[in-house]
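Pasting the structures here.
The following pair of complexes shares a single chain, chain A, combined with chain B in the former and chain C in the latter.
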Partner chain A sequence: MFPVIKGAAYILAHTPDMVLHNGTTQTTERTVNPDSEYLKQVPNNLRSFEQFVSYPPNQTFIGNLSPSELGELDLPWYDKQAEGASSDGKYGEIFQQDEFIGWIKLADVFNLVSLEKDFTESIRQSIESREGLSESFRTALGEGVSLEKIEKEIAEKGAEALIHDGKTVGCVKRAHDIDPNLNAHVIFENLVSKASGAMALISLLEKHQIDPLDIDYVLECSEEACGDMNQRGGGNFAKAIAEVAGCKNATGSDTRSFCAAPTHALINASALAQSGIYPNVVIVGGGSTAKLGMNGKDHIKKGLPILEDGVAGFAALISQNDGVHPILRTDLVGKHMVGTGSSPQAVITSLITAPLDRGNLKITDIDKYSVEMQNPDVTKPAGAGDVPLANYKMIAALGVMRKEMERTDIADFTKKHGMVGWAPTQGHIPSGVPYLGFAMQDIMEGKIHRAMIVGKGSLFLGRLTNLFDGVSIVIETNPGQVEEEATVSKDEVRQMVAEAMRSFAASLTE
Partner chain B sequence: MDLENQRRVLEFTEEFGAENMLIILGAAEAEAAGLAAETVTAGDPTYAGPLAGVSLGLQVFHVFEPEIKDQFDPDVYEEQLGMMEMVLDVDEIVDEMKGIREQFGQFN
Partner chain C sequence: MSLFDDKKIIIIGDRDGIPAPAIEECLKGTSAEIVFSSTECFV
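Let's look at the complex of A and B:
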């Protein structure tokens, strides 16, 4: 029995100060060109929380505006507002920066994060009223420390400042004096990833009313590494995140493959659930501050606000077949192999048509393809084009080469089988998984029958291999256990009738 | 252009001489191709990498340009690039590349 997807959740934290202080485009600029005009322009080109919430792609990300509704809005989107926008979404929510800083403090169990006293009080109510947090974490804010103490840590001990509204409100201390893997910068990035992952997991449990004690295993799939100088990527984000959400019966592990990791996690989770090894598996990925303002220079140059101003996170639950939720076709998975090669034809063949051929399906038999769903409003002004559209064109072109469609059908195909991108450019976050929530809904409402989730990753960035990576899996309507049971019961009826006839016949011969 | 790639371009140029260098790009957008081409001719327009303020003027082509395409075995080209050629705006990329070479190239 194929496993099912039971729920998906997505969170965003609006982090304008972190754009300037933690995004690598900006920190690199500060190192190379400290008096840069660009750095001076950043603070004047950041969006307010209200603008961030009403930004149409962000409303799609948390489930309030469907991809097709977003697609009806003409680009650019940065100057548009979604009607009835809310920070609370069908599949998740949007947090303010001060609250997110509070979550970073909660995520810290080694007393490495210090928050200023008054700031702590200002966020206490929103943090401590949160039901999904396990008890020990809900009370972890503490009393806070003096600003003087925080500034001393930053000035003398290499602590990383936590800034809100341009003011220092806390710091992340280094966890070791000389270990580069435990310096304040690394601890900060890892806590950001852990906190946003935990927020997504808690949102998943809340939105879908899942008991945290039912979770058996957590697969984490972000792009960070935690460990010390003797084991730089030792892990384990997954278990640390499960702990925050009170998943006491879970263990877990981290899966890595750059942006392809969430789809790897989805496939691995499917295998674990289907085999019965772990019946309920969560996949989760926190976000990254390094990627904030990545294309900020181009955005400002073109008169746009900085659109990469939020940290994202997602989580999804994969379980054993319940006869209701959409099934994950573990027999229809694609993989880019070591020997596949890097030409687009080879890549698309391995990820798209190889699994389809196995199921005797055509390219057009997939109703929706969820590829790298990067928001084109962010990427186009930066010269990186419309990433999902480019992917759909490649899939269609392969369809033409396979003579499954005409060349003139390419544009129609991209509209019918594709979607506009809405996900923030947080690396692994846009990759395949942003559609899981809407895919579930669209399939269960009968709007579509079958979707394919495709994840791709740029392994060469790690300088260990020149290879690229990618995997894919098909999700489709659950045929329901009812049908199967009906077949069984028909057989039973036949058997009963046969038995009755036999005993009737026997009674006649007596 | 990626800072690491800028460093490699600079190192190869110092080792082999600018006149012996040929950069082949595979960018999917005219603008991205143009930025990369500008980086190895006029210098890094973002002033972030090793080629900031360094005008190498190198020969630079996109793989779709006839000067490069004609050197391929047509079957290999079709297998490796045929599909991308079908979906990308080749004319726009070629125009952009020509413009950059005319403006900043030193070995045309």
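Let's look at the complex of A and C:
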């Protein structure tokens, strides 16, 4: 029996101060050009929390505005507001920066994060009232320390400052005096990833009323590495995140493949659930501060606010077939192989048509393709184009080559089988998985029958191979086979009992 | 004689567009010299 997807959740944390202090575009600029005009302009081009919440793509990310509704809005979107916008979404929520800093403190179990006393009090209520937080983490904020102590750590011991509203409110200390893998910067980035992953997992459990004790395994799929100088990428983010959410019966592991990792995790989770090794598997990925303001220079140059001003996270639950939720077709999985080659035709064949051929399906038999769902409002002004649209055009072109559609149908195909992008440019976060929540809804409401999740990753960025990577999997309506089989099985039992009684009765009359 | 014959070529490919190795392949029939070739991720 194919496994099912039972829920998906998405979180955003609005982090304007981290754009300036932790985004690599800005930190690099500070290193090479400390008096840069751009750095001076950044603080005046950041959005307020209200603007961040009402930004239409962000409302789509947390489930309040459907992809088709977003698609009806003409670009650009940065000057538009979603009607009735809320920080609480059908599939997730949006956090303010001060609360997110509190979550970074919660994620720290080695007393490496210090928060100032008054700041701690200002966020205590919102953090400690959180139902989904494991009891042992609920009181992890502590009392806080003096600002003097924090400033001393930053000035004398290389601690990384935590800044809110332009003021230092805490710091992340180094975990070792010499080890570069445990310096304050690495610890900070890893805690950001752990915290945002935990927030997404807790949101998933709360929104879908899932008992954390039911989770057997967690697969984490971000792009960070944690370890020390002897094992730089030792891991394990997954188990650390599961601990925060009180998933006491779970273990887990991390899977990596740059932006393709979430789809790898989805496929791996499906295999684990389907085989029965781990019946309930969560996939989770936290976000990254390094990518904040990545295209900020272009945004400011073109008169836009900085649109990469939030850290994102996502989580989804894959379970054994319940006869209700959409099934993951583990027999219709695509993979870009070492020998596939890099021409667009080869890539699209390996990811899209190879799995479809196995199911005797045409390109047009997939109702919605979820590819790299990067928000074009962010990428187009930076010259990176409309990434989802480019992917849809390539899929359509292959459809024309296979004579499954006419060349003149390409534009219609991109609208009918594609979607506008809405995900923040947080690397792995936009890759295939942003549609999981809406895919579940659209399939269960009968709006669509079948979707394909496609993830691609730029392995060459790690300088180990020139290859890139990609995997895909089909999700479709659950035919309800579990119930049907159970009914058939009960009927069969009844029939057998009836036959046995008839033959017993016959033997008595003989 | 192709547009690229005897030229020195720098290739910047796009992971979500045309990757560099595919562009290199197209230039094999010319006498162009590829001096740099790299695929980049623009997101």
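We adopt the following convention: the second predicted complex is superposed on the first by the 484 of 510 C-alpha atoms of A that agree within 3 Å, B and C clash if a C-alpha of one lies under 4 Å from a C-alpha of the other, contacts with A are read in each partner's own complex, and residues count from 1 in each chain.
The working rule: a contact is a pair of C-beta atoms (placed from the backbone, for glycine too) under 8 Å apart; a residue touches a chain by one contact, two chains touch by 3 or more.
Everything numeric in this text was worked out from a predicted model, so none of it was measured.
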| item | value |
| --- | --- |
| Contacts of A:S288 with chain B and chain C, given as first, second, both or neither | neither |
| First, second, both or neither for A:F460, with chain B first and chain C second | second |
| Partner chain(s) touched by A:A390 [first = chain B, second = chain C, both, neither] | both |
| Partner chain in contact with A:I410 - chain B first, chain C second, else both or neither | first |
| Contacts of A:P344 with chain B and chain C, given as first, second, both or neither | both |
| First (chain B), second (chain C), both or neither touched by A:N22 | neither |
| Residues of chain A at both interfaces, chain B in one complex, chain C in the other | 343-344, 383-385, 390 |
| Of chain A, residues touching chain C in the complex | 258-259, 341-344, 347, 372, 374, 379, 382-385, 387, 390-391, 425, 427, 430, 456, 458, 460-461, 466, 468 |
| List of chain C residues in touch with chain A within their complex | 13, 15-22, 25, 38-43 |
| List of chain A residues in touch with chain B within their complex | 28-29, 32-33, 297, 343-345, 348, 383-385, 390, 393-394, 396-398, 400-401, 407, 410 |
| List of chain B residues in touch with chain A within their complex | 28-29, 31-32, 34-35, 46-48, 52, 79-84, 86-87 |
